[in-house]
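Chain naming follows the written order as A, B, C and D, and within any one chain the residues start at number 1.
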């Protein structure tokens, strides 16, 4: 049996969600590990774009920032934000965007701005950054964050980036061209969205996690099917490749075994 | 057959910062870890500037020290944190104290606002931000954004007010004394900022000759026509990075995160790394030639 | 550690032109004497395309042969003449015959319409065209432009409908087979055209390796992400010029102006220089290696 | 006495209208000769911009086209139209623009598009090109063309580029930031605009030209002062410099002695 951490599991789930030849917009951290892993395993023709301006990158070393010089190494082009978030993203030329979240609601709407009251917030989070842009226009969105009940809320403290808003048709009405969230990856489970109701639902639980645990750790009614499968474990080949991408354990060191 | 004439726009960092009046609005260059105006921020702190408003997409340590020193407490930005390391510690405290006001936009929205400023049109259209709380919730502006029905398609379109700030400040790898600028690696929103601001200041890691500029016009990202002042500032983005020249100083950033957990720690950091060193030269001396050499980029990789 | 994979988007000029359907709308690259898609225009004539509509800022000999051959009789443009030599002779005749329709914009208006298309927003604001007859007089569009009261300032602002043409066609000095493009010298409106068109075709004077592209990401004007087809066409802008590679063929242009004074002369020109040569290779053979060598640029000057 | 042609006279008048340090937007032909002449005589710090994308040029050879490769030689930057006509021109950063015209009216409004009826024109002229952009936003406009009565019309067949429109205040009302036409140079005379009425008026006649001749060769009532001076002749130094700029006589060969 292979040994792996919860963080490695997340990265591998992220990688599986990328198809060969897709254009992928990845933030730093786990998303880029997932996208890079896809590229060295089943999706060699995936094209990775970073919002700072590096396009179609082949970086050798892992980056701390979406603007990291490491991402300029062997990039096809080094341009700017109007290029990446404007011409490419708003132009409808990106298939998949990876995002994190501090809170999401049952329609996959995202808060990365404020915890508490807007006028006297308990915590000011990083803000939208390119998140709202990516959530608005990427073909589909993959959300990745560690599982915590307080993140799955009935009502967001602040809606930074649009998920499926109030349900079917609401994105289209506002002219948003992206497809919205399609997958949520945590260290405990994967969730997707019902194509009809656009509501989040449990897709699979990671080995060792129960459906009940997930149910208890989501603050809204989670749609759960009869037979929830267990997430496939990372293969030995995937783990080797993944660890090769982060030999110093910058991101991978964080997970639990 | 035409005689070249080269205007000299060089001034010192101290002189450049002196031009910024209290209450000034500044469009702030750099993006994330890349080419932020760190030396400029530190000099703003030394000169005790107050009541600035900063416009930028995303910035990190540079904005956090300005917030800690209460030089700038108003931000029209998209992102404010220290990527990969955590939330911005001074910001966190100043927010709790109720001192900071934000106008939140997305990264593209800010970049388009600068583009609109550069084009000298009053607004730019965007298909983003709609459906989010950013459109409605406001702390600084009455005219944060307007939603209109597109006169061509009938669909809703968000209009963003353009930014033409009092000052535009960016860091660049190379500039000549006339202000012609070469940028290497990602450009973030710097090209738009310089074109749209009323007075522009370029902090250049290296001053090159006008001859070198004219030998490769394709490499000029910013013609000197837009630039008012050029400041030679080697390691002007330390502790962050400049593509092709030096890498970020990760241990320093980690120490910063640690120290700034408390107000006392921040005050200590500010005294030690910003005030007591006296000026940028003093800072470089404190960092030490050995450490600076370690940070120097491998020319093959650019970091 | 990531294996590079390079998609091959190369096709022949004949194949590329075959993709253009009758009635297609084309955003047309090049500006004035610089990098116009001449070889592409000639192949459109050989393949007897009809009812095209062309969008561009300003173009010259290339558009005039398309007008003479009645391949394209609808133009949304800012400028149509042969600079320094005179009015476009075929256009002049076809206008008299009542065959050509124009939608007139200014150069900046067209460039902004392409920028709006690239940004995928329905319109772009401009402070120009207002007060002129261009706003009111129209031949092709119901929605040529709209004047609104700016919701921020109250002043009138002109909104221009963005262009997202069926095809975008440009000429470039260098491209790799994946469509990453290096442009040298002025860029005109080509960067925006490629980013905003539905299907894009790049005629490259030279195909370089993906390795060469990746060694200098700062030189990539257009990432391959936007490009559908790459066509290797040396001297693809003859009789006009390509910065760094070859100069315009002034005697040929003067001969063209002379011949096209009459319909018979134009027919003779078309037969001799476009149809009878069979294809672009045949054209280069007819021009002759000696003449082509004379036109080659001096690397120090670029012309 | 120096010998010069009418074309040389025009180029020199154009040069005199450029002040040192100004940013000049020049079309090809006489305007660029005028701007270049200014730069090699009294205005060495003039900065010349061409709409194709070359900025702050120091070209060695004369150009046929505003997009000519010759203009790229030793330019400070080679960019594109959004740069030159957008950021620089509409951005209000250009002091002087040179334009030609097929027709102008008494407020300096310009036609470069159609002669005759718009729907069935006798002649289709080149169109606006960057003319409308330059006329809208340059600090002031200098018009240069050979004198012909049919060019000075009471009513334009088509208004391509705004002069002073219908008089004082009409540019401002539309939000045009440029100052409008300030000088007209022909091969017979110079005209400027009354600051109060914004109407064209005779400024000087070239040597050998009478005020009456000008009066008869303008199709509207031309405002003429009591004492119309004679245009100063080009100096020997100016002519030497000018001929040095166009040694093959590409533009200069056209004029009459």
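Observations
Here is the rule we use: a residue touches a chain if its C-beta (ideal position, glycine included) is under 8 Å from a C-beta of that chain, and two chains touch if they have at least 3 such contacts.
The model shown is predicted, which means the values in this text are computed figures rather than measured ones.
Path length between subunit B and subunit C in the chain contact graph, taken as the least number of steps between touching chains: 1. Common neighbours of subunit B and subunit D (chains touching each): C. Here A-C and C-D are compared, and the pair linked by more C-beta contacts is C-D.
With each centre defined as the average position of its C-alpha atoms, the distance from subunit A to subunit D rounds to 58 Å.
Spacing of subunit A relative to subunit C, judged by their CA centroids, is 41 angstrom. If you average the Cα atoms of subunit A and of subunit B, the two centres end up 28 Å apart. Among the residues of subunit A, those touching two or more other chains are numbered 54, 60, 72, 78-79, 82, 86, 90, 177.
Shown for subunit B are the residues in touch with two or more other chains, namely 112, 119-121, 126-127, 155, 157, 184-185, 217-218. You'll find the chains touch as A-B, A-C, B-C, B-D, C-D.
Chain contact summary for the complex, subunit B toward subunit A: residues 31-34, 57-58, 77-81, 83-85, 87, 91-92, 95, 98, 100, 102, 104-109, 111-112, 115, 126-134, 137, 139, 155-157, 184-192, 241-244, 247-248, 250, 297, 301-303. By the touch criterion stated above, subunit C contacts subunit B in their complex at residues 112, 116, 119-127, 143, 146, 148, 150-153, 155, 157, 159, 161, 183-185, 217-219. Chain contact summary for the complex, subunit D toward subunit B: residues 23, 36, 39-40, 44-45, 47, 49, 54-56, 58-60, 72, 74-79, 82-83, 86-88, 90-93, 177, 244-245.
Residues of subunit D touching subunit C in their complex: 28-29, 51-54, 60-61, 64-73, 78-82, 85-86, 89-90, 113, 118-121, 123-133, 136-137, 158-162, 165, 170-171, 174-177, 250. Within the complex, the subunit C residues that touch subunit A are 1-5, 7, 118-121, 178, 180, 195-196, 210, 213-214, 217-218, 220, 222-226.
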